[in-house]
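Structures incoming, each one as structure tokens.
In what comes next, chain A is part of two complexes: it sits with chain B in the first one and with chain C in the second one.
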Partner chain A sequence: MRRDALALIAGLIFLSPVLYSIWMSFQTSDAYYTGGMEFTIDNYVRAIGQFGFARYLLNSVIVSGVVTLAGLMVAVMAAFAFARFSFRGGNLLFGAVVATLMIPSHISLIPNYLTLAKAGLLDSYAGLILPAVANGFAAFFLRQYIRGIPVALDEAAYMDGATPLQVLWRVIVPIARPAILSMGLFIFIGEWNNYIWPLIATGDKDLYTLQVGLARLYRINPGEGFLDWPLIMAASTITLLPVLAGFLLVERHLVRGITMGAVK
Partner chain B sequence: MPRLTPYLLVAPLIAFIAVFTYIPIVTSLDLSFREWDFLSPEKPWVGLANYRQLFASHSFWQAVWVTAVFVVISVPIRLGLALAVANLLLRETRGSRILRAALFLPSVTSTVSIAVVFSWVFATDVGLANAALEAVGLPRLRWLQDPTLALAVIIIVNTWKQLGYDIIIYIAGLQAIPTELYDAASVDGGRRFHVFRRVTVPLVMPTTYFLLVVSVIEAFQIFAIVDVMTHGGPAGATNMLVVELYKIGFSLFDIGQGSALAVLLFVLLVALAIFKARVLGRRVHYEA
Partner chain C sequence: MSAITLRGIRKSYPNGPQILHGIDLDIREGEFIVIVGPSGCGKSTLLRLIAGLDREAEGDILISDRRVNALPPRDRDIAMIFQNYALYPHMTVRDNIAFGLELRRMPKAQRRAKAEAVAEVLQLTPFLDRKPGALSGGQRQRVAMGRAMARDTSIFLMDEPLSNLDNALRVALRTEIKDLHRQLGATIVYVTHDQTEALSLADRIAVLKGGHLQQFDTPDAIYDRPANMFVAGFLGQPAINFVPGEALGRSPHLTAGLRPEMLRLHASQPDGTSVQGRILMSEMSGAEVLIRCETTLGTMSVTCPRKALPPHTASFWIGYDANDALWFDTATGTRVAG
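For the complex of A and B:
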């Protein structure tokens, strides 16, 4: 029991900068700078109303949501093909998918910027979403998972006259649900926290995601001469809380997924 | 069954990685031999001029140096701390589960938020770090304005963020070590530190290799923390390679030189990744 309490205290100390920032976001600026204590939600009202964080939140939800759904769909279909069909060039294509895990993303920043500029897709949701849809890790992970599902189940469905897509949708997806969910979570968190691409692909404030909006708010320094820390912390809390809450709900799932990728 | 089926199933994924991953590698290579400011209609071929300019530029070598220092200092600190903590949290108690979750939380939290929060922690006037120094009678430090301290702060923040991931991987690695080996060592009268050094450290080596390569590759690509906290400053003291790439490509719009830098970094990181897959891959897997 005492060790548990000790662990809890150590955890709280470790997280104290973030916990304190959340607490600070509910303080008035005056009280914060004079060392007083005065509860308020005014910082959130200002972040959302005056500084555009409602819009940034909406953009982050849309972009991360669509990237997750589209990314899963594309990855599940490919994983199914790689796991269940042997076809000419299949190994080569699978190799190309796995190799993307080794390719650092910075090499595509300039070319993707040029591609999207040419297509007129900078400053659009499509421009934020499209480069993030392909997820080699999800495809690889799901392919391994699907290979563990007995082929007899597919064969039974084919006997009943099912098409490949029906087998995928009615047989494979329901069984692979835990793996699909944990990959979905990975993709969502990764995209939610993505910073460099939205920074490059958006110049129009209306398309900022939370990450870009927060970085800008911190830099423009709205407090005139001094930093309005409680306001900035309210914006930061809006930025980190959804993923934090989601993480606490599904922590075990996520950790299992991560270690599966690293240690066999 | 139609022979086309598997091709149709993989087509969307292949199309996306072709357009946004593979073709860009070729494009970058091509652009690195051209001079272009993104606006002019001409993209004249200039051979190796961009690479030569890069090698002649002070800020490129500064970025190489700063990145190297960052990697060499931060990676051993991360792995050493992570192994020590993982070893403490190995048992499945409620306390250890709580602490693992707390330590892991930053690695799924927004990097920009973390950078902003730590900008406050290390702020000269109101920050927590200086408040702590004053409380014990020490003078305040200008953390983010001093070149050496600024890099130290970046290392601290990055370690704080990534430590939980390293710990989770180490715990998985440690759990794969057969308990009999520990029992044998303690029967021999081994002290705890002795057991740690003679049994744990060597047997967890495959995991260490894995984390070493992963964290080196990742350290080379650090961007968000630096961009938010220091912008590469003061006086370039935290200017790392991807920060430099962003500056050349998207502030100066020197597409040619930016691409040359991207290609160099790419070659380095892919070499590391292949090293990991080829050489370490075998060692990591032989024992699990």
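For the complex of A and C:
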């Protein structure tokens, strides 16, 4: 009972900034600054209508969604190859993948920018998405997970008539689903919260993601020295909710171990 | 027509020792072949080469007279049962059994019917919608057998399929496998290190040691006329007694092999050749008793019907007939007579 109470208090401490910002987003600006209480959904209406957050939300969903799906696809195939096949230069290649984890992301900003500029991909969805698709950490993490799956399952599938790709999609991927979903959530949240790359890769307002749009809200507020915090909090809540919903949707899959009974 | 022919199979792993040293086997259609040998003798490697799970080896592998060395497993049309079952944990029993059929694009209704028919034979019908995690060891092994059977192939490879099961289940499933072989008429290549399985299941046994084929013959021939001392010692429970030749009045360059059941226990010195022994240990195994004795010829094992056991005394006489013995060249280990 005492542990439950402690957990509740700790949870509330972690949640309090979020709860406070959600509460603030439903206040009018006047009421907030005068210390009163006046419920309104006007901040959401303005964020979506006047300040283009519907578009930013769509952009974020497209960019994060495609980065997650494409990134997982590439990482799963690379992980399967590294985990299951020995080929000339395989160890060297895997070493190179692991080495990318040691490079701070900001170092690759300028090379990526120049490459995409030469390819004419700045100010496009492709420009926002492509640099994030190859994810060394995801390939490394999934490779380690796949190595833990008994090779006998692959072999059984080969004997059943499967090709290597069928082994991957029909046997390995379903078994590695908890790891793949965890990694997918990780990639999605990372990309959703990515601010720097979308900021430099596009100047087109129609391609802004939520993070860039949120940052711009600070600059386009009316009045000098006045920040419309309830509006900013409404925009923040719009930014937060899809990730929260995604997490709640995926969370139950993350904890389920399904290799039980595969082999003795 | 031969089902499987192996010609001069040599296998070694990169920077590793040579595993197989030129194996030749000719397996006929419908035969039940058991490959037996101690751990590390190369028997599983040989099976994996036939399956196509390992493909880098010297020599020729022919299946139905077609050279298959370069073919992946899916093009060899053989089914395999693994030691650890290797069931797909995310699929139900039905889907496990039907997976191979699905990969071969059999229509859904047809493969469903096939899976159900196979499950019926293996008494798995009540478990069709369960996942492997909810099955016992014996049931899982049956599913693994079902998965192979559903394929309607004529060659089955089995890699120590019963070694993870308890003794009672092992004996029961052994009988089932023998029955299945009779029903299906398929060629089975079965790998085990258990000599009882080998003797009870096989039409012919291939005995391997250190990557060399020692003998390939029927269980009777292998038991009665082993090619060498290794084969004689490996097959037979309790193990054969080896006695120096001069103890039986023969050349010191020979070694006699006396199976425990060839020896007779006597309370007093019998007529004919015998040696006095002191009991070290006795083990009752139902109708028979295994007695280990210390004699001037060394430690010997004798089996004796429990009812024919002499009254308990400190020492026995062990009678034997040198004509029953198997004779081996002591230096080479090869059987020379008997």
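We take it that the second predicted complex is superposed on the first by the 228 of 264 C-alpha atoms of A that agree within 3 Å, B and C clash if a C-alpha of one lies under 4 Å from a C-alpha of the other, contacts with A are read in each partner's own complex, and residues count from 1 in each chain.
Operating definition for what follows: contacts are C-beta pairs under 8 Å (C-beta built on N, C-alpha and C of every residue); 3 or more make two chains touch, one makes a residue touch a chain.
Everything numeric here is computed off the predicted structure, so don't read it as measured data.
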Which superposed partner A:Pro174 touches (first chain B, second chain C, both, neither): second
Winner by number of chain A residues touched, once chain B and chain C are compared: B
First (chain B), second (chain C), both or neither touched by A:Gly161: second
First (chain B), second (chain C), both or neither touched by A:Leu214: first
Touching partner for A:Pro150 - first (chain B), second (chain C), both, neither: second
Contacts of A:Ile196 with chain B and chain C, given as first, second, both or neither: first
Where chain A meets both chain C and chain B, residue numbers: 158, 258-259, 262-264
Residues of chain C that touch chain A when the two form their complex: 51-53, 72-74, 78-80, 82, 84-90, 99-100, 103-104, 131-135, 137, 140, 147, 151, 164
Residues of chain A defined as touching chain B within the complex: 3-8, 10-12, 14-15, 17-18, 20-21, 33, 73-75, 77-78, 80-82, 85, 87, 90, 93, 96-97, 100-115, 130-131, 133-134, 136, 139, 158, 164, 168, 189, 192-193, 195-196, 199-200, 210-211, 214-215, 218, 227, 229, 232-233, 236-237, 239-240, 243-244, 247-248, 251, 254-255, 258-259, 262-264
Contact footprint of chain A on chain B as seen in their complex: 1, 3, 5-7, 9-10, 12-14, 16-17, 19-25, 27-28, 31, 38, 93-96, 98-106, 108-121, 123, 126, 128, 165, 168-169, 171-173, 176, 207, 210, 214, 217, 220-221, 223-224, 227-228, 242, 245-246, 249-250, 255, 258-259, 262-263, 265-266, 269-270, 273-274, 277, 284-285, 288
In the complex, chain A residues that touch chain C: 150, 152-153, 155-163, 166, 170-171, 174-175, 177, 258-264
